[in-house]
């Protein structure tokens, strides 16, 4: 039996009277690549926001390794080893690539006020370590990108920005990675390249679990081990993509949408 | 303290409150359509009062009767400030739409100080307070300790009428519909074929016209205006709009009356009159900490 | 570039700046200043065309500490050159103090994105603290009193933390504006603090040296302002160093991140409120230090010197220089303080002109005269 890493029970999020998530039961296993699909407004991003503490669930619970973490603030969630990317990139574009990456791993620079301000030597040593880690991580995704470590993010192309965002989420070596529609704004080729790079990463960190929100069904079919389909904030299907995609409820949800 | 005194305080507070509400409605309108704070609002108010004063001085030369002068002052003052508001929006606010909100706040703050300084420097003897003509009837009724001045009644009713008219414009007219649509969702409004720019400019004109009205009312009530009167009135109007809840007209009215009420309360409690503002602002700061989006907010201050 | 060459370039830059600053401060006739005003931008333009500016910037990035020390010494030279000129020294000291407050604002809204339109109120709190502490606690050394004045400023500012944290953007702006007005009104009506007439402040006495006397003859003699100018310079140099170290460390990185996107920052473990509070308190503390020295130098303070328009003036300095760039506030403070004093015509129209200048900057060059560059953690390569 595979081990459950993350579990939600009856998770409900409401905005005013509207229930964006309605009693969602959900499980994520260790090392799993899970596709989260559903029409626009079905509650996928809301689910991420509820998991990461940006929204507070109205009811239900979130369990990480069996421990209740419902309603924990985002800073705690990061400390538990859950990181994410955002559908509309949320990088600090005026800062350098390096700055953005070490924000992702910033707890490693937290040496306290004394070391940051007065003992610059130890800060410098730690920073150099971080620079090396960032450089290595970037070059695994793209050799060319590592050269731009000291350039502002605003000078990068879309796919490179996506890469930086994914790297920012990976640099702290999380247990769970939440990817919110990484294909948005990229060509299918670029998306495929990014997914291949991610698969390589997974091969090296087999315990990393990933939840991917995606509209490209082809992509979901290719990369996911399992799928969960949401509609109007409720789970309407679950299973391998090939099974799920044939279910009448799922087809209706998508056809109704298009 | 007897009922007459309380009634007197109430009437005075009401005149103040309506003035504040007029300013606050402007802030709420601008925030509604564009999510910006136009901080020069108070100075536009002051300029409105000075425009009216200049007109009066000119009309006085022509021996125009008081009522006619007043009507001309109101019409031209309101129109001129409406135009100024639209121009400000077109050249300073809209071009900064994509930059951080702080920039818009700063640019309008600075525009306010340009207006203020211009009046101080270029209006004849502008750095001193100017007497404003008493054009309203001076009759009053004495009722115990209550001295009900006719001009107070006129000012309160005019202010209330202006707010009601603004409300009707927004609820019942085509341009009002456009304003509401833009306030709701800019993108959708554009898709529905609403001229976004025109709507925003109209809103700024409307709000600035209201500021001119409250400037002239203030002049008529106190019979004195000065170049820095807008600063305080602007901050108070902004406070009123924020405390009521930006984006809501009712909030602006509630906020305006609340601020006047707090000042009145402060004036009763403290022997030193200037403490009334210290008291009112302190309460506002506490209220903001308690209800960050205002008492009657109909949406959050900033969208996530 | 070899080390020696780099140092020479940096020293040349300092020497050139000292000459220009001396010119601005020493010359009095309007046409002389006018000539200087035409020549400086021209000079900058030609230096820029000859790539000398970039060259200098590279040198400064390579040896930040040398740059900092040589500039501080350059200002010492400037002070000594002007040691008999009361008015020039007064202006220079005001520039140094205003630059100190502006560095506080740089941390507040340049780094952490906390708006503060009450900078002059915190400056004023420092000034009044100086006046009162110096009068009632004669046995406390004045250096400590300057320190306490900053601390009191930060602590009174802490009253605003809750409302500022709970609100955003315009709302937070309103709170600081309201606080500034509240502070001034409070001073005016409060008899204990001297009311509208204000308070007298006794001068500084540091290590047994009474600043009220003229500068000692053994050191070349000169106006008593020399001592204040040096204290203000030490203050600015210290505050600048702190600001730079914050920027070049994890603290500055976190503050920038919170300013740019608080939600995304939180998702990476960055505690937004913590950084906003730190920035706000630190900035107000800087303003308090500067206010304390200002009060001791003028010997007299009154509510009329702490207006909303002065807060706006300080914000203009930060904006004119370039938001978030600590170096930029120094030339900007110089321009905004000295030019109006030199042109009587401008003096009267000062606020009007600043208003117009800031509007033009916001409209056409929102990143200021010296836009902030990428973060440089250490000398040389990093960044």
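Just so it is clear, A, B and C label the chains in written order, and each chain counts residues from 1 on its own.
Methods note: a residue touches a chain if its C-beta (ideal position, glycine included) is under 8 Å from a C-beta of that chain, and two chains touch if they have at least 3 such contacts.
Bear in mind that the values here come from a model prediction, so they are computed numbers and not experimental data.
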Chain nearest the overall C-alpha centroid of the shown protein atoms: C
Identity of the chain that, by mean CA position, is farthest from subunit A: B
Rounded Å distance between subunit A and subunit C, as computed from the means of their C-alpha atoms: 43
Inter-centroid spacing, subunit B versus subunit A (mean Cα positions, whole Å): 48
Gap in Å, rounded to a whole number, between the CA centres of subunit C and subunit B: 35
Subunit A: positions in contact with at least two other chains: 54
Residues of subunit C whose C-beta touches two or more other chains: 263
Junction residues of subunit B, two or more chains touched: 304
Subunit C to subunit B touching residues, read off their complex: 109, 115, 160, 162-163, 166-171, 173-175, 177-179, 181-182, 185-186, 188-189, 263, 308-309, 312, 315-316, 319, 348-349, 351-352, 354-356, 358-359, 362-363, 366
Complex interface listing, subunit B residues touching subunit C: 31, 37, 92, 95-96, 99, 101-103, 105-107, 109-111, 113-114, 116-118, 121, 231-232, 235, 238-239, 242, 246, 272, 274-275, 277-278, 281-282, 284-286, 288-289, 292-293, 301-302, 304
Touching residues (chain side subunit A, partner subunit C) in the complex: 52-54, 73-75, 77-79, 83-84, 86, 90-96, 98-99, 102-104, 106-107, 109-111, 113, 116-117, 120, 123-124, 127, 131, 150, 152, 168, 172
Contact footprint of subunit A on subunit C as seen in their complex: 242, 245-246, 249-251, 253-254, 256-257, 260-261, 263-271, 374-375, 377-378, 382-383
